[in-house]
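Supplied in structure tokens, the structure appears directly below.
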Amino acid sequence: MTSAVKSTLPEEARRVTCEALQDTLVDLVGLSLIGKQAHWNIVGPRFRSIHLQLDEVVSTARTYADTVAERSAALGVPPDGRPETVAHGFTLPAPKDGWVRDSDAVQVMVESLEAAIGRLRERIDATEKSDLVTQDLLIAITAELEKQRWMFDAENFPREG
Amino acid sequence: MTSAVKSTLPEEARRVTCEALQDTLVDLVGLSLIGKQAHWNIVGPRFRSIHLQLDEVVSTARTYADTVAERSAALGVPPDGRPETVAHGFTLPAPKDGWVRDSDAVQVMVESLEAAIGRLRERIDATEKSDLVTQDLLIAITAELEKQRWMFDAENFPREG
Amino acid sequence: MTSAVKSTLPEEARRVTCEALQDTLVDLVGLSLIGKQAHWNIVGPRFRSIHLQLDEVVSTARTYADTVAERSAALGVPPDGRPETVAHGFTLPAPKDGWVRDSDAVQVMVESLEAAIGRLRERIDATEKSDLVTQDLLIAITAELEKQRWMFDAENFPREG
Amino acid sequence: MTSAVKSTLPEEARRVTCEALQDTLVDLVGLSLIGKQAHWNIVGPRFRSIHLQLDEVVSTARTYADTVAERSAALGVPPDGRPETVAHGFTLPAPKDGWVRDSDAVQVMVESLEAAIGRLRERIDATEKSDLVTQDLLIAITAELEKQRWMFDAENFPREG
Amino acid sequence: MTSAVKSTLPEEARRVTCEALQDTLVDLVGLSLIGKQAHWNIVGPRFRSIHLQLDEVVSTARTYADTVAERSAALGVPPDGRPETVAHGFTLPAPKDGWVRDSDAVQVMVESLEAAIGRLRERIDATEKSDLVTQDLLIAITAELEKQRWMFDAENFPREG
Amino acid sequence: MTSAVKSTLPEEARRVTCEALQDTLVDLVGLSLIGKQAHWNIVGPRFRSIHLQLDEVVSTARTYADTVAERSAALGVPPDGRPETVAHGFTLPAPKDGWVRDSDAVQVMVESLEAAIGRLRERIDATEKSDLVTQDLLIAITAELEKQRWMFDAENFPREG
Amino acid sequence: MTSAVKSTLPEEARRVTCEALQDTLVDLVGLSLIGKQAHWNIVGPRFRSIHLQLDEVVSTARTYADTVAERSAALGVPPDGRPETVAHGFTLPAPKDGWVRDSDAVQVMVESLEAAIGRLRERIDATEKSDLVTQDLLIAITAELEKQRWMFDAENFPREG
Amino acid sequence: MTSAVKSTLPEEARRVTCEALQDTLVDLVGLSLIGKQAHWNIVGPRFRSIHLQLDEVVSTARTYADTVAERSAALGVPPDGRPETVAHGFTLPAPKDGWVRDSDAVQVMVESLEAAIGRLRERIDATEKSDLVTQDLLIAITAELEKQRWMFDAENFPREG
Amino acid sequence: MTSAVKSTLPEEARRVTCEALQDTLVDLVGLSLIGKQAHWNIVGPRFRSIHLQLDEVVSTARTYADTVAERSAALGVPPDGRPETVAHGFTLPAPKDGWVRDSDAVQVMVESLEAAIGRLRERIDATEKSDLVTQDLLIAITAELEKQRWMFDAENFPREG
Amino acid sequence: MTSAVKSTLPEEARRVTCEALQDTLVDLVGLSLIGKQAHWNIVGPRFRSIHLQLDEVVSTARTYADTVAERSAALGVPPDGRPETVAHGFTLPAPKDGWVRDSDAVQVMVESLEAAIGRLRERIDATEKSDLVTQDLLIAITAELEKQRWMFDAENFPREG
Amino acid sequence: MTSAVKSTLPEEARRVTCEALQDTLVDLVGLSLIGKQAHWNIVGPRFRSIHLQLDEVVSTARTYADTVAERSAALGVPPDGRPETVAHGFTLPAPKDGWVRDSDAVQVMVESLEAAIGRLRERIDATEKSDLVTQDLLIAITAELEKQRWMFDAENFPREG
Amino acid sequence: MTSAVKSTLPEEARRVTCEALQDTLVDLVGLSLIGKQAHWNIVGPRFRSIHLQLDEVVSTARTYADTVAERSAALGVPPDGRPETVAHGFTLPAPKDGWVRDSDAVQVMVESLEAAIGRLRERIDATEKSDLVTQDLLIAITAELEKQRWMFDAENFPREG
């Protein structure tokens, strides 16, 4: 049943492209979960401000996770966003369990978004040859995550040492 | 830092209540992930109809997960919805990886929602004594999931044998 | 085909609960019909004000009738809201045919809502043991009908003798 | 009190016109009730799609029932949409009680709408002489019901034998 | 410059049709002015209710006045809605100057709408032969004004003697 | 019945203020009628642009006419906006009957708004002593009409000689 | 498969009515295409104003084309709006290829709408006997197209000679 | 800490202005509370109409109370709207406790608004010299309260003796 | 006039229930006033964030105060929310007059909401026997206030000592 | 008049780019017409679901056709979307005339979108050198059409043989 | 071409008034630019809160700049808001280039708004004689800027030394 | 403090990219100012049409200026949009001071947008290597400005010599 949906890309291009999409999917679903984790557990004088900002990360991550997964399906490869897949594949920095100080929440989001961006930029290179349509999507995600990273970084000034 | 937020419940009531909330959180976050998994991978003549219906499950699960987690925080216990916690604690039936036939997607949602409802009804009993406010929330979630279970069950007629 | 949709309640609880729901459904569909009847046939100096208020009763009755019927289906018992079922089972006070004076319309709505509330409070007791989720729904309907009864009662001052 | 509202039509024209309106009112209120009945009790693989489509019939029937009843009042004849009047006067095909297969629901709606349309076309002829304003309303209702009949009929292909 | 806009009707049909439209325009602009007059000057225990209802007459009259005037222009005859034309041609019952009791406002609106309807029904007959498109518009206006007349008439019960 | 509504102003202040309001009411109702007249009858290459602009004048005039009339009522003097009052009291430049060239429509609006503004500025002076609340309203109307006058004047360049 | 959808009209009435609908469909789809063509290619000092006005023609034509086609289906005759059918059957005046001067765009729209209206008026006569419901739809389309024709004609003053 | 926010007014002007604002704040908060009191406790045949009208007074009073308090803060003087301050400073006529007849509610609102307006007009004079910006705000509040007073007064005809 | 509105509860249940409602009303009106007081007078680096958060408390308190008061009226007991009643009965912690540091505002809201919640939980127990409908309302209010208390408490970390 | 609008691209780049745009325009206008054709004529048990899905194709095709045509105009080449041009240039698979089974409609949309995508990918290559701005637009259209193709393909499982 | 638009003010009044407007225009355009500058470059723990607040200043400044410029045009004097005019005439305190600490951004906004207010209050005096309509606009701008100044000042507590 | 926000690009890529962004920022802020200048000062028969079109340029320029500036900040380089920077760096054609004829406004917008587009196309080349995410943004801006340039150019036909 692996060929339920036909691909519009040649085999190798499809493999490269959909690997990039699957890895991005795991990063984005993971980001949406840890963004909510921080949203719920944050404490400190900047609680309300960061609490709201974190929900914008979650919203962005959810929307693009959907687009990324559906793009993979559109190319003929079933995406995988199940709990165990995400838990196993997610490697970005994340908050510890329990309450999180506001400054720690800001710091971990800067690091996590930075790591996600680094991985996305590699996939932008990887898909240059395999599928310009997917590359364009990865560029759009990067633009948005870089904007969000900046806002946490600016919030983080002067940096925690 | 475990006492960052004070509780308005006595210790034992808080323990019982927040255990119920934490377990519900894992079920709901898990449901939102497997709902999306089926939403992306479904194939078959009922694709569009079930594809849309699954997004309503996801939307419900996300909204109540947020309410449940914030209720736990409000009672002084930090909720945990991180990828590894969800993957480890999630025990409801879920779709396999790869493409999913529409009839299989319907069947797995009936089973998954049914299992979630059974667990919620136990927690409604458990919180009767510990916290009526939380019980009221669990009742509301059960009402919504029972409605969604019915719709998949009705869609599933005559039942897959 | 009576078992097309499975129940999440044990047999006896389901019987008690769904009887309460079916009786409530008939009351609410009936209320929506007699509310419209008064809405169309009212005459007198308070025409516009009561004409509008009656449409709020209709809107409330329609919305809750839908929720009540779908809750019964969700519990595995098919609801019955067909014309002959409603006509046969509906026992609340109602306007006569023909034009209705505004003061008479107010009076009949006070009486009809009062009777409906009395019956709902009995069903709240009856479902306390059988299904807390359904009880919660009946409580919500009672709250709304008691509010509407008050507004007609206040409008009815000094009471028609 | 039968002359609470004056008519703008001569006596005979009023009689013919308001008879047509009263009969249409019963058909439309009845349609709204059996549409909901099918909406709640439908089962089968097309559950969601037909469940939603039936609510559009209900919405159409309710809106035009209101317009038709108020037109009768405007012409000086009090309309009658009480439960017993509807139950007694409603003669269109309707679903049985209990669960309804999706294909049966479609079939019964085709038949019920077809019967309603036939009766409306007779009333369009009858009001040609008595009141062009009412005729125009009946034409508009017919256009809408014919559209809805087509959609169920198209859904019904190949026809149930 | 009388032929600035060409007509799509033959000369005689145009004459008959546009006369009906011009007369309707004067009635509707006049209605919008006297509706506002009553809206501003009404006093009595039903002030708020009738004050709001009168604005619905004004809104209806303004909208249809615009449609009627543009239909005349579309048929090649310039419409005339200037103050002196309206003052000279407007013959419907209207409120006196100064404060108006609520019951008097209701009474005058019943009479004014009744007169307008009588004139519209004559024009519906007149345009049957000359232009079915214009006739259809006059039918729609009549339906709306008859509804508004009924609402004031129902409000007027028991009638002022 | 002249004292149906009490005034919050002393007698003389009320007289001066309400005269200013009554005159403004006639100007604004008149403007709304001639604005529509030009809106319907305009011809020429700028038809659509001016047709839309004229409706903004009408909308402004209607809104402020309502505020002005209700202000007079609030001060205890019944306003008069009946057809014959407007026709008799309206003295601003207005379009002739029949089709109106676009450049003529622009020109007449410049002149009519200019005349209205001149009269408003006199009333701003007149109410300085009698009622600052009314003066503030007249200032707001002047601001809006001066803006509209400018837009027609700019449209009118180079001026018709 | 020609009888997939049953008709509610007798055979001959259906034939006459659906011919009128099919011809109207071609005219409207064609109008929507040439309206866009002019919308894209117009040049000249009135560019923006006519560019926007043309999109209103397109929007009208698309909406009514949909209603007309679905009415034909509702009467049991499959409508045909495929590219070759439209190209073959469309006979209304249309813009040449390449850039179009604004005055030429106005002129061609006047002519094209005029031709469409003439054909619609014939079909209003033709369907008087065969189907009043369809006739009512054709009347509504004519009203709208005559309004749009007037607006281009007024824009076209003084007429291109 | 009295100088936490700097003033943009000289000392004496600030004192006069902020006294006027503080007194207005107490009147408006008080009005919002007694408006709600009457909204909840009104009985009689005009219940619904006055019940809704009273909520408009409450909404107006709340909105302007906020503006007035923030204006005082903006001028460097902390406003005081605490329960005891309002109870102590509020002197306008108010409803008794318990149910309130509709005619009594109308009467008390006329009196209360009239008293509030009288006090506002004094403050308009007082701030003429001290702060034109504040005066402009007081003028706007007066305009709105005078409108609301008129509507209750008109509703009150013929006046309760 | 104490029996203007009839109760649907027996005498003793009504007494217990309406005492709980009246006390809740005073707490909520008081909370809305001190929430605004803090909203206006807050100073410090978290001004904007807390200023906005306080308005959410005010909005919640106002909405539930309305529901609570109308529930009391619906049960036949006139609620009392007049300034002196609120000032006399309100006992929750509140800000002092004058400017309020942001950290003090947060601290006082934590304490005030905590006290309100403690009182609400007692009333939830008290109404368990007397009226489940009212209990359900008190549970909903408690859920909302506990959420708001948590947000201020989280903002308050590390706690002011 | 071919140079009415100047180009911002050099001659050769303009030629290559605008050829790609013109061909895309024909494909998209054609798609919008055949999407509607299937939307109107579809029959079978999936009628409603596919009927709605087809309108999303039409909406996408119309929106991008507009963007593509205006991009060509912006580059100085007049686009051509007239009926005969579309009929002549359109080569994608399309439904036959008459009723269309739902499975056939799905199949033809998969094929038609697949063909359109293949042609778009060639144009993405062709415009890489000539105009990156146009290439970006073609990439966006491809992303959307590939998503729509996937949804029909998933609906089409198991594939028609 | 200096007299393209005629003035409704005498020469000297126009000169005084339009000078006030031109100077205000430069201040407001400048404020909108430096508000954005701070919005983009702010860093520090209050980043998000002040980042959003600054956009409200920008929005206010842009809206009033438009009103002020169009008022000058309406009075017959062309406003000047070109880059070099703004750069040359803008004298309010502004942020340095490069990143801006949140506390510095707050401080500079307090100072800049304070300076703008001082200049506006002079212009309120200056236009008292020349044009009350313009004075009213300057009063409205001052009210808004004083509110925004207060919010930054309150945020700035305890003040930077 | 130049390193307040870290970059996600290597040093040289960052330099090239942010230079392109800073230059684009100046062009866009400048365009927004001169667009408004023309919007306020335009005179002539096309006043309204161009007045509205210019506001669309302003809206586009403001939105993209914000995106461009925030992208630079996201890359670690503080953007500069202060009045003196814009005045100094802005080199696109602009309207003179004083009134502007409509044809001159169109001409200057064609030239200014054309110059801006030429500069953007160079930056698209420059950022191809340094940052594909920024390049994608510059491509989007170019698409929009080329569309706006075309609309003014088409309006400009036949071209001013």
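Residue numbering begins at 1 within each chain, and the chains themselves are lettered A, B, C, D, E, F, G, H, I, J, K and L in the order written.
As a working rule, a contact is a pair of C-beta atoms (placed from the backbone, for glycine too) under 8 Å apart; a residue touches a chain by one contact, two chains touch by 3 or more.
Bear in mind that the values here come from a model prediction, so they are computed numbers and not experimental data.
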| item | value |
| --- | --- |
| Each chain counted as touching subunit I and subunit J at once | A, B |
| Repeat of interface C-H, chosen from F-L, H-I or C-D - more than half of residue-number contact pairs shared | F-L |
| Chain centre separation (subunit B, subunit F; CA means) in Å | 62 |
| Computed distance of Cα centres, subunit I from subunit A, in Å | 41 |
| Rounded Å distance, subunit B centre to subunit C centre (Cα mean) | 32 |
| In subunit E, residues with contacts to at least two other chains | 4-5, 43, 46, 49, 70, 73, 99, 101, 136, 154, 157 |
| Touching pairs among all chains present in the structure | A-B, A-I, A-J, A-K, A-L, B-C, B-D, B-I, B-J, C-D, C-E, C-H, C-I, D-E, D-G, D-J, E-F, E-G, E-H, F-G, F-H, F-K, F-L, G-J, G-L, H-I, H-K, I-K, J-L, K-L |
| Complex interface listing, subunit F residues touching subunit K | 114, 117-118, 121, 124, 136, 139-140, 142-143, 146-147, 149-150, 153-154, 157 |
| Contact footprint of subunit D on subunit C as seen in their complex | 1-2, 4-5, 29-30, 33-34, 36-37, 40-41, 43, 65-66, 69-70, 72-73, 78-88, 90, 94-95, 97-99, 101 |
| Residues on subunit D engaged by subunit J in the complex (per definition of touch) | 46, 49-50, 52-53, 103, 151, 154-155, 157-158 |
| Complex interface listing, subunit E residues touching subunit G | 4-6, 8, 70-71, 73-75, 132-133, 136-137 |
| Subunit H residues within the subunit C interface of the complex | 42-49, 51, 99, 101 |
